[in-house]
Amino acid sequence: MPYINVKITDEGVSKEQKQAIIKGCTQLMVDVLDKNPATTFVVIDEVNTDNWGIGFDQVTELRNQALNSGTK
Amino acid sequence: MPYINVKITDEGVSKEQKQAIIKGCTQLMVDVLDKNPATTFVVIDEVNTDNWGIGFDQVTELRNQALNSGTK
Amino acid sequence: MPYINVKITDEGVSKEQKQAIIKGCTQLMVDVLDKNPATTFVVIDEVNTDNWGIGFDQVTELRNQALNSGTK
Amino acid sequence: MPYINVKITDEGVSKEQKQAIIKGCTQLMVDVLDKNPATTFVVIDEVNTDNWGIGFDQVTELRNQALNSGTK
Amino acid sequence: MPYINVKITDEGVSKEQKQAIIKGCTQLMVDVLDKNPATTFVVIDEVNTDNWGIGFDQVTELRNQALNSGTK
Amino acid sequence: MPYINVKITDEGVSKEQKQAIIKGCTQLMVDVLDKNPATTFVVIDEVNTDNWGIGFDQVTELRNQALNSGTK
(Lines give C-alpha, C1' and ligand atoms only; values in the text may rest on other atoms or scores of the structure.)
Protein backbone atom coordinates (compact mmCIF):
# COMPACT_ATOMS: atom_id res chain seq x y z
CA MET A 1 0.00 0.00 0.00
CA PRO A 2 2.59 2.58 -0.95
CA TYR A 3 1.85 6.28 -1.11
CA ILE A 4 4.05 8.30 -3.42
CA ASN A 5 3.98 12.08 -3.52
CA VAL A 6 5.69 13.76 -6.46
CA LYS A 7 6.32 17.49 -6.16
CA ILE A 8 7.27 19.29 -9.35
CA THR A 9 7.08 22.84 -10.64
CA ASP A 10 3.90 23.80 -12.53
CA GLU A 11 5.52 24.38 -15.88
CA GLY A 12 3.03 22.98 -18.34
CA VAL A 13 2.96 19.33 -17.28
CA SER A 14 0.50 17.58 -19.58
CA LYS A 15 -2.15 15.06 -18.60
CA GLU A 16 -0.19 12.42 -20.52
CA GLN A 17 3.00 13.22 -18.59
CA LYS A 18 1.09 12.91 -15.32
CA GLN A 19 -0.26 9.56 -16.45
CA ALA A 20 3.29 8.42 -17.29
CA ILE A 21 4.50 9.45 -13.83
CA ILE A 22 1.64 7.54 -12.19
CA LYS A 23 2.27 4.43 -14.27
CA GLY A 24 6.02 4.55 -13.73
CA CYS A 25 5.89 5.02 -9.97
CA THR A 26 3.28 2.30 -9.57
CA GLN A 27 5.22 -0.15 -11.75
CA LEU A 28 8.33 0.54 -9.68
CA MET A 29 6.49 -0.48 -6.51
CA VAL A 30 5.36 -3.69 -8.21
CA ASP A 31 8.79 -4.52 -9.62
CA VAL A 32 10.96 -3.66 -6.62
CA LEU A 33 8.70 -4.43 -3.65
CA ASP A 34 6.00 -6.71 -5.13
CA LYS A 35 3.30 -4.28 -4.01
CA ASN A 36 -0.33 -4.47 -5.07
CA PRO A 37 -1.06 -1.69 -7.60
CA ALA A 38 -4.71 -1.57 -6.51
CA THR A 39 -3.58 -0.05 -3.23
CA THR A 40 -0.73 2.08 -4.58
CA PHE A 41 -1.44 5.81 -4.62
CA VAL A 42 0.52 8.41 -6.55
CA VAL A 43 -0.26 12.08 -5.88
CA ILE A 44 1.35 14.83 -7.96
CA ASP A 45 1.64 18.34 -6.55
CA GLU A 46 2.40 21.11 -9.03
CA VAL A 47 4.13 24.03 -7.33
CA ASN A 48 4.29 27.59 -8.67
CA THR A 49 7.86 28.57 -9.52
CA ASP A 50 7.59 31.56 -7.14
CA ASN A 51 7.00 29.04 -4.34
CA TRP A 52 9.99 26.77 -4.98
CA GLY A 53 13.45 27.79 -3.91
CA ILE A 54 16.84 26.23 -4.50
CA GLY A 55 20.22 27.72 -3.67
CA PHE A 56 18.56 30.78 -2.03
CA ASP A 57 16.56 31.69 -5.15
CA GLN A 58 13.07 31.26 -6.48
CA VAL A 59 12.88 28.97 -9.51
CA THR A 60 11.15 31.84 -11.31
CA GLU A 61 14.37 33.81 -11.04
CA LEU A 62 16.54 30.85 -11.96
CA ARG A 63 14.45 30.39 -15.10
CA ASN A 64 14.81 34.07 -15.98
CA GLN A 65 18.55 34.09 -15.34
CA ALA A 66 19.41 30.96 -17.21
CA LEU A 67 16.78 29.72 -19.60
CA ASN A 68 19.16 27.20 -21.03
CA SER A 69 20.74 26.02 -17.80
CA GLY A 70 20.61 22.38 -16.82
CA THR A 71 18.62 23.16 -13.69
CA LYS A 72 15.13 21.84 -14.22
CA MET B 1 -0.21 19.67 19.15
CA PRO B 2 -1.22 17.32 16.38
CA TYR B 3 -0.98 18.20 12.72
CA ILE B 4 -3.36 16.37 10.43
CA ASN B 5 -3.14 16.58 6.66
CA VAL B 6 -6.12 15.31 4.68
CA LYS B 7 -5.57 14.78 0.97
CA ILE B 8 -8.71 14.29 -1.12
CA THR B 9 -9.67 14.76 -4.75
CA ASP B 10 -11.10 18.17 -5.68
CA GLU B 11 -14.55 16.99 -6.62
CA GLY B 12 -16.81 19.71 -5.28
CA VAL B 13 -16.07 19.50 -1.56
CA SER B 14 -18.20 22.15 0.13
CA LYS B 15 -17.14 24.56 2.83
CA GLU B 16 -19.47 22.73 5.22
CA GLN B 17 -17.88 19.38 4.43
CA LYS B 18 -14.44 20.87 5.07
CA GLN B 19 -15.67 22.22 8.39
CA ALA B 20 -17.00 18.75 9.28
CA ILE B 21 -13.64 17.18 8.47
CA ILE B 22 -11.84 19.76 10.63
CA LYS B 23 -14.21 19.27 13.55
CA GLY B 24 -14.11 15.49 13.30
CA CYS B 25 -10.33 15.18 13.12
CA THR B 26 -9.86 17.62 15.98
CA GLN B 27 -12.44 15.86 18.16
CA LEU B 28 -10.67 12.56 17.48
CA MET B 29 -7.41 13.98 18.83
CA VAL B 30 -9.24 15.18 21.96
CA ASP B 31 -11.08 11.91 22.50
CA VAL B 32 -8.29 9.45 21.76
CA LEU B 33 -5.17 11.31 22.88
CA ASP B 34 -6.50 14.07 25.17
CA LYS B 35 -4.88 16.70 22.95
CA ASN B 36 -5.55 20.43 23.23
CA PRO B 37 -7.73 21.56 20.29
CA ALA B 38 -6.23 25.06 20.43
CA THR B 39 -2.98 23.59 19.12
CA THR B 40 -4.46 21.01 16.76
CA PHE B 41 -4.13 21.87 13.08
CA VAL B 42 -6.05 20.25 10.24
CA VAL B 43 -4.99 21.08 6.68
CA ILE B 44 -7.01 19.83 3.72
CA ASP B 45 -5.37 19.49 0.31
CA GLU B 46 -7.68 19.15 -2.68
CA VAL B 47 -5.97 17.35 -5.54
CA ASN B 48 -7.02 17.48 -9.19
CA THR B 49 -8.19 14.06 -10.41
CA ASP B 50 -5.55 14.17 -13.18
CA ASN B 51 -2.93 14.33 -10.43
CA TRP B 52 -4.08 11.36 -8.36
CA GLY B 53 -3.33 7.84 -9.46
CA ILE B 54 -4.44 4.48 -8.12
CA GLY B 55 -3.87 1.07 -9.69
CA PHE B 56 -1.81 2.65 -12.54
CA ASP B 57 -4.60 5.04 -13.59
CA GLN B 58 -5.55 8.65 -13.10
CA VAL B 59 -8.70 9.11 -11.03
CA THR B 60 -10.06 11.15 -13.96
CA GLU B 61 -10.00 7.99 -16.06
CA LEU B 62 -11.41 5.83 -13.29
CA ARG B 63 -14.29 8.26 -12.96
CA ASN B 64 -14.92 8.15 -16.71
CA GLN B 65 -14.72 4.35 -16.84
CA ALA B 66 -16.92 3.63 -13.88
CA LEU B 67 -19.09 6.50 -12.77
CA ASN B 68 -20.99 4.23 -10.46
CA SER B 69 -18.10 2.22 -9.08
CA GLY B 70 -17.46 2.12 -5.38
CA THR B 71 -14.02 3.66 -5.79
CA LYS B 72 -14.19 7.18 -4.40
CA MET C 1 -9.31 7.51 -2.04
CA PRO C 2 -8.33 9.86 0.75
CA TYR C 3 -4.89 9.89 2.29
CA ILE C 4 -4.70 11.19 5.85
CA ASN C 5 -1.43 11.85 7.59
CA VAL C 6 -1.54 12.34 11.35
CA LYS C 7 1.56 13.80 12.97
CA ILE C 8 1.75 13.54 16.76
CA THR C 9 4.48 13.52 19.36
CA ASP C 10 5.87 10.10 20.32
CA GLU C 11 4.70 10.13 23.89
CA GLY C 12 3.58 6.56 24.50
CA VAL C 13 0.79 6.24 21.96
CA SER C 14 -0.58 2.71 22.29
CA LYS C 15 -1.47 0.33 19.50
CA GLU C 16 -5.12 0.67 20.55
CA GLN C 17 -4.98 4.46 20.33
CA LYS C 18 -3.47 4.20 16.86
CA GLN C 19 -6.26 1.84 15.85
CA ALA C 20 -8.83 4.34 17.19
CA ILE C 21 -7.26 7.14 15.17
CA ILE C 22 -7.32 5.01 12.01
CA LYS C 23 -10.94 4.00 12.56
CA GLY C 24 -12.05 7.52 13.38
CA CYS C 25 -10.37 9.20 10.41
CA THR C 26 -11.65 6.55 8.02
CA GLN C 27 -15.20 6.77 9.36
CA LEU C 28 -15.07 10.55 8.96
CA MET C 29 -14.25 10.15 5.26
CA VAL C 30 -17.18 7.75 4.86
CA ASP C 31 -19.61 9.96 6.79
CA VAL C 32 -18.69 13.36 5.37
CA LEU C 33 -17.58 12.55 1.83
CA ASP C 34 -19.04 9.09 1.16
CA LYS C 35 -15.56 7.73 0.44
CA ASN C 36 -14.74 4.05 0.07
CA PRO C 37 -12.86 2.85 3.18
CA ALA C 38 -11.07 0.16 1.14
CA THR C 39 -9.10 2.94 -0.54
CA THR C 40 -8.73 5.25 2.46
CA PHE C 41 -5.24 5.36 3.94
CA VAL C 42 -4.32 6.73 7.35
CA VAL C 43 -0.62 7.09 8.18
CA ILE C 44 0.49 8.11 11.67
CA ASP C 45 3.91 9.72 12.15
CA GLU C 46 5.22 9.82 15.71
CA VAL C 47 7.69 12.66 16.17
CA ASN C 48 10.28 12.93 18.93
CA THR C 49 9.55 15.86 21.26
CA ASP C 50 13.02 17.29 20.51
CA ASN C 51 11.96 17.52 16.86
CA TRP C 52 8.67 19.38 17.34
CA GLY C 53 8.63 23.09 18.04
CA ILE C 54 5.84 25.45 18.94
CA GLY C 55 6.15 29.08 20.00
CA PHE C 56 9.95 28.97 19.46
CA ASP C 57 10.48 26.01 21.83
CA GLN C 58 10.97 22.29 21.61
CA VAL C 59 8.05 20.32 23.03
CA THR C 60 10.61 18.57 25.27
CA GLU C 61 11.22 21.91 26.98
CA LEU C 62 7.54 22.78 27.13
CA ARG C 63 6.88 19.47 28.84
CA ASN C 64 9.66 20.11 31.36
CA GLN C 65 8.50 23.67 32.04
CA ALA C 66 4.84 22.97 32.46
CA LEU C 67 3.95 19.36 33.06
CA ASN C 68 0.42 20.32 33.91
CA SER C 69 -0.15 22.93 31.23
CA GLY C 70 -2.95 22.54 28.73
CA THR C 71 -0.55 22.36 25.81
CA LYS C 72 -0.53 18.81 24.54
CA MET D 1 20.39 18.36 1.04
CA PRO D 2 17.58 19.61 3.22
CA TYR D 3 14.00 19.83 2.05
CA ILE D 4 11.86 22.41 3.81
CA ASN D 5 8.12 22.64 3.29
CA VAL D 6 6.39 25.77 4.55
CA LYS D 7 2.61 25.66 4.76
CA ILE D 8 0.85 28.98 5.24
CA THR D 9 -2.58 30.38 4.54
CA ASP D 10 -3.06 32.04 1.14
CA GLU D 11 -3.68 35.53 2.41
CA GLY D 12 -1.87 37.74 -0.09
CA VAL D 13 1.69 36.54 0.36
CA SER D 14 3.83 38.56 -2.05
CA LYS D 15 6.58 37.27 -4.30
CA GLU D 16 9.06 39.25 -2.18
CA GLN D 17 7.83 37.62 1.02
CA LYS D 18 8.18 34.20 -0.57
CA GLN D 19 11.72 35.08 -1.61
CA ALA D 20 12.47 36.16 1.98
CA ILE D 21 11.15 32.85 3.32
CA ILE D 22 13.28 30.91 0.84
CA LYS D 23 16.41 32.91 1.67
CA GLY D 24 15.83 32.69 5.42
CA CYS D 25 15.21 28.95 5.52
CA THR D 26 18.19 28.24 3.29
CA GLN D 27 20.50 30.47 5.33
CA LEU D 28 19.36 28.68 8.49
CA MET D 29 20.44 25.34 7.02
CA VAL D 30 23.83 26.83 6.15
CA ASP D 31 24.31 28.47 9.55
CA VAL D 32 23.08 25.68 11.81
CA LEU D 33 23.97 22.53 9.88
CA ASP D 34 26.60 23.69 7.38
CA LYS D 35 24.45 22.45 4.50
CA ASN D 36 25.10 23.20 0.84
CA PRO D 37 22.54 25.77 -0.40
CA ALA D 38 22.80 24.39 -3.95
CA THR D 39 21.00 21.26 -2.74
CA THR D 40 18.63 22.91 -0.28
CA PHE D 41 15.01 23.06 -1.43
CA VAL D 42 12.30 25.24 0.06
CA VAL D 43 8.72 24.64 -1.10
CA ILE D 44 5.92 26.96 0.01
CA ASP D 45 2.32 25.69 0.00
CA GLU D 46 -0.39 28.34 0.23
CA VAL D 47 -3.57 26.90 1.73
CA ASN D 48 -7.06 28.39 1.37
CA THR D 49 -8.42 29.56 4.73
CA ASP D 50 -11.45 27.27 4.29
CA ASN D 51 -9.02 24.34 4.21
CA TRP D 52 -7.08 25.14 7.39
CA GLY D 53 -8.54 24.38 10.79
CA ILE D 54 -7.36 25.20 14.27
CA GLY D 55 -9.26 24.69 17.51
CA PHE D 56 -12.18 23.04 15.64
CA ASP D 57 -12.69 26.02 13.30
CA GLN D 58 -11.81 27.05 9.78
CA VAL D 59 -9.38 29.95 9.64
CA THR D 60 -11.94 31.72 7.45
CA GLU D 61 -14.29 31.80 10.43
CA LEU D 62 -11.56 32.78 12.86
CA ARG D 63 -10.70 35.71 10.59
CA ASN D 64 -14.34 36.77 10.45
CA GLN D 65 -14.84 36.44 14.21
CA ALA D 66 -11.73 38.25 15.28
CA LEU D 67 -10.13 40.42 12.64
CA ASN D 68 -7.83 41.94 15.18
CA SER D 69 -6.98 38.82 17.15
CA GLY D 70 -3.39 37.70 17.50
CA THR D 71 -4.06 34.46 15.69
CA LYS D 72 -2.34 34.60 12.34
CA MET E 1 14.10 19.90 -9.21
CA PRO E 2 11.52 17.31 -8.31
CA TYR E 3 11.02 16.04 -4.79
CA ILE E 4 9.56 12.57 -4.49
CA ASN E 5 8.45 11.12 -1.18
CA VAL E 6 7.79 7.38 -1.08
CA LYS E 7 5.92 6.08 1.96
CA ILE E 8 5.97 2.32 2.46
CA THR E 9 5.56 -0.06 5.37
CA ASP E 10 8.74 -1.04 7.22
CA GLU E 11 8.69 -4.70 6.34
CA GLY E 12 12.32 -5.52 5.70
CA VAL E 13 13.08 -3.24 2.77
CA SER E 14 16.71 -3.82 1.85
CA LYS E 15 19.31 -1.18 1.04
CA GLU E 16 19.36 -2.52 -2.52
CA GLN E 17 15.59 -2.15 -2.86
CA LYS E 18 15.83 1.43 -1.61
CA GLN E 19 18.54 2.11 -4.17
CA ALA E 20 16.31 0.66 -6.90
CA ILE E 21 13.42 2.92 -5.82
CA ILE E 22 15.70 5.97 -5.89
CA LYS E 23 17.09 5.11 -9.30
CA GLY E 24 13.68 4.32 -10.76
CA CYS E 25 11.97 7.48 -9.51
CA THR E 26 14.85 9.66 -10.66
CA GLN E 27 14.97 8.06 -14.10
CA LEU E 28 11.23 8.61 -14.44
CA MET E 29 11.70 12.34 -13.86
CA VAL E 30 14.45 12.39 -16.52
CA ASP E 31 12.44 10.38 -19.05
CA VAL E 32 9.03 11.99 -18.64
CA LEU E 33 9.86 15.58 -17.70
CA ASP E 34 13.50 16.00 -18.80
CA LYS E 35 14.48 16.94 -15.25
CA ASN E 36 18.05 17.24 -14.02
CA PRO E 37 18.89 14.25 -11.80
CA ALA E 38 21.43 16.32 -9.85
CA THR E 39 18.53 18.26 -8.35
CA THR E 40 16.07 15.40 -8.04
CA PHE E 41 15.49 14.20 -4.47
CA VAL E 42 13.86 10.94 -3.47
CA VAL E 43 13.05 10.42 0.22
CA ILE E 44 11.74 7.07 1.46
CA ASP E 45 9.74 6.92 4.70
CA GLU E 46 9.32 3.50 6.27
CA VAL E 47 6.18 3.35 8.40
CA ASN E 48 5.49 0.82 11.15
CA THR E 49 2.57 -1.45 10.26
CA ASP E 50 0.78 -0.37 13.47
CA ASN E 51 0.84 3.19 12.12
CA TRP E 52 -0.64 2.51 8.67
CA GLY E 53 -4.36 1.96 8.26
CA ILE E 54 -6.40 0.92 5.28
CA GLY E 55 -10.10 0.02 5.26
CA PHE E 56 -10.41 0.86 8.99
CA ASP E 57 -7.65 -1.55 10.03
CA GLN E 58 -3.99 -1.44 10.94
CA VAL E 59 -1.77 -3.17 8.40
CA THR E 60 -0.44 -5.23 11.30
CA GLU E 61 -3.88 -6.77 11.65
CA LEU E 62 -4.34 -7.19 7.92
CA ARG E 63 -1.06 -9.08 7.79
CA ASN E 64 -2.15 -11.32 10.66
CA GLN E 65 -5.58 -11.98 9.16
CA ALA E 66 -4.44 -12.74 5.66
CA LEU E 67 -0.78 -13.55 5.27
CA ASN E 68 -1.32 -14.63 1.73
CA SER E 69 -3.69 -11.88 0.62
CA GLY E 70 -2.85 -9.66 -2.31
CA THR E 71 -2.86 -6.54 -0.16
CA LYS E 72 0.71 -5.38 0.20
CA MET F 1 -0.56 29.43 11.93
CA PRO F 2 2.29 28.22 9.77
CA TYR F 3 3.43 24.62 9.70
CA ILE F 4 7.03 24.07 8.68
CA ASN F 5 8.45 20.63 8.00
CA VAL F 6 12.23 20.33 7.79
CA LYS F 7 13.60 17.11 6.33
CA ILE F 8 17.30 16.47 6.87
CA THR F 9 19.56 13.44 6.95
CA ASP F 10 20.07 11.82 10.37
CA GLU F 11 23.75 12.56 10.67
CA GLY F 12 24.18 13.47 14.33
CA VAL F 13 21.97 16.53 14.58
CA SER F 14 22.16 17.72 18.18
CA LYS F 15 19.30 18.84 20.38
CA GLU F 16 20.77 22.35 20.30
CA GLN F 17 20.87 22.38 16.50
CA LYS F 18 17.24 21.28 16.42
CA GLN F 19 16.36 24.08 18.82
CA ALA F 20 18.18 26.57 16.57
CA ILE F 21 16.24 25.35 13.54
CA ILE F 22 12.95 25.71 15.43
CA LYS F 23 13.80 29.21 16.64
CA GLY F 24 15.04 30.35 13.26
CA CYS F 25 12.06 29.08 11.28
CA THR F 26 9.60 30.53 13.79
CA GLN F 27 11.35 33.92 13.83
CA LEU F 28 11.25 33.97 10.04
CA MET F 29 7.46 33.57 10.10
CA VAL F 30 7.22 36.45 12.60
CA ASP F 31 9.58 38.72 10.67
CA VAL F 32 8.35 38.10 7.14
CA LEU F 33 4.65 37.37 7.60
CA ASP F 34 3.87 38.78 11.06
CA LYS F 35 2.65 35.35 12.21
CA ASN F 36 1.87 34.43 15.81
CA PRO F 37 4.65 32.18 17.16
CA ALA F 38 2.20 30.52 19.58
CA THR F 39 0.55 28.86 16.60
CA THR F 40 3.66 28.24 14.52
CA PHE F 41 4.74 24.60 14.36
CA VAL F 42 8.12 23.34 13.21
CA VAL F 43 8.54 19.58 12.73
CA ILE F 44 11.96 18.11 11.94
CA ASP F 45 12.19 14.72 10.22
CA GLU F 46 15.57 13.00 10.33
CA VAL F 47 15.98 10.61 7.41
CA ASN F 48 18.43 7.71 7.23
CA THR F 49 21.04 8.27 4.53
CA ASP F 50 20.04 4.97 2.88
CA ASN F 51 16.56 6.47 2.42
CA TRP F 52 17.57 9.74 0.77
CA GLY F 53 18.57 9.85 -2.87
CA ILE F 54 19.97 12.61 -5.02
CA GLY F 55 21.27 12.31 -8.57
CA PHE F 56 20.31 8.58 -8.69
CA ASP F 57 22.35 7.68 -5.59
CA GLN F 58 21.77 7.08 -1.90
CA VAL F 59 23.34 9.73 0.31
CA THR F 60 25.12 6.87 2.08
CA GLU F 61 27.02 6.17 -1.11
CA LEU F 62 27.65 9.85 -1.82
CA ARG F 63 29.15 10.16 1.66
CA ASN F 64 31.37 7.14 1.08
CA GLN F 65 32.49 8.34 -2.35
CA ALA F 66 33.29 11.89 -1.42
CA LEU F 67 33.67 12.53 2.27
CA ASN F 68 34.99 15.98 1.59
CA SER F 69 32.61 17.00 -1.17
CA GLY F 70 30.44 20.05 -0.81
CA THR F 71 27.25 18.01 -1.05
CA LYS F 72 25.63 18.00 2.39
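Think of it as A, B, C, D, E and F in the order they're written, each chain with its own count starting at 1.
In this section, a contact is a pair of C-beta atoms (placed from the backbone, for glycine too) under 8 Å apart; a residue touches a chain by one contact, two chains touch by 3 or more.
Note that the structure is a prediction, hence the values are computed from the model and not measured.
Note on E-F: its contact pairs, compared by residue number with those of B-F, A-B or A-C, agree for more than half at A-B.
With centres defined by CA atoms alone, the chain at the far end from subunit D is E.
Although subunit B and subunit D carry the same sequence, what matters here is overlap: shared residue numbers make up under half of all numbers found at their interface. Subunit D and subunit F, compared by their mean Cα positions, are separated by 15 Å. Centre-to-centre separation of subunit D and subunit E, using mean CA positions: 27 Å. Taking each chain's centre as the mean of its C-alpha atoms, subunit C lies 21 Å from subunit F. For subunit A, the set of residues touching two or more other chains reads 1, 3, 7, 21, 25, 38-39, 41, 43, 45, 52, 54. Chain contacts here follow an irregular pattern that is not a line, a ring, a star or a complete set.
Remark: the chains found to touch one another pair up as A-B, A-C, A-D, A-E, B-C, B-D, B-F, C-E, C-F, D-E, D-F, E-F. Within the complex formed with subunit C, the residues of subunit E that make contact are 7, 45, 47, 50-58, 60-61. Against subunit E, in their complex, subunit C makes its touches with residues 15, 18-19, 21-23, 25-27, 37-46. Here subunit C touches subunit A in the complex through residues 1, 3, 39, 41, 43, going by the rule given at the top.
Contact residues on subunit A toward subunit E in their complex (touch as defined above): 1-9, 13, 17, 20-21, 24-25, 28-29, 31-36, 38-39, 52, 54, 59, 70-72.
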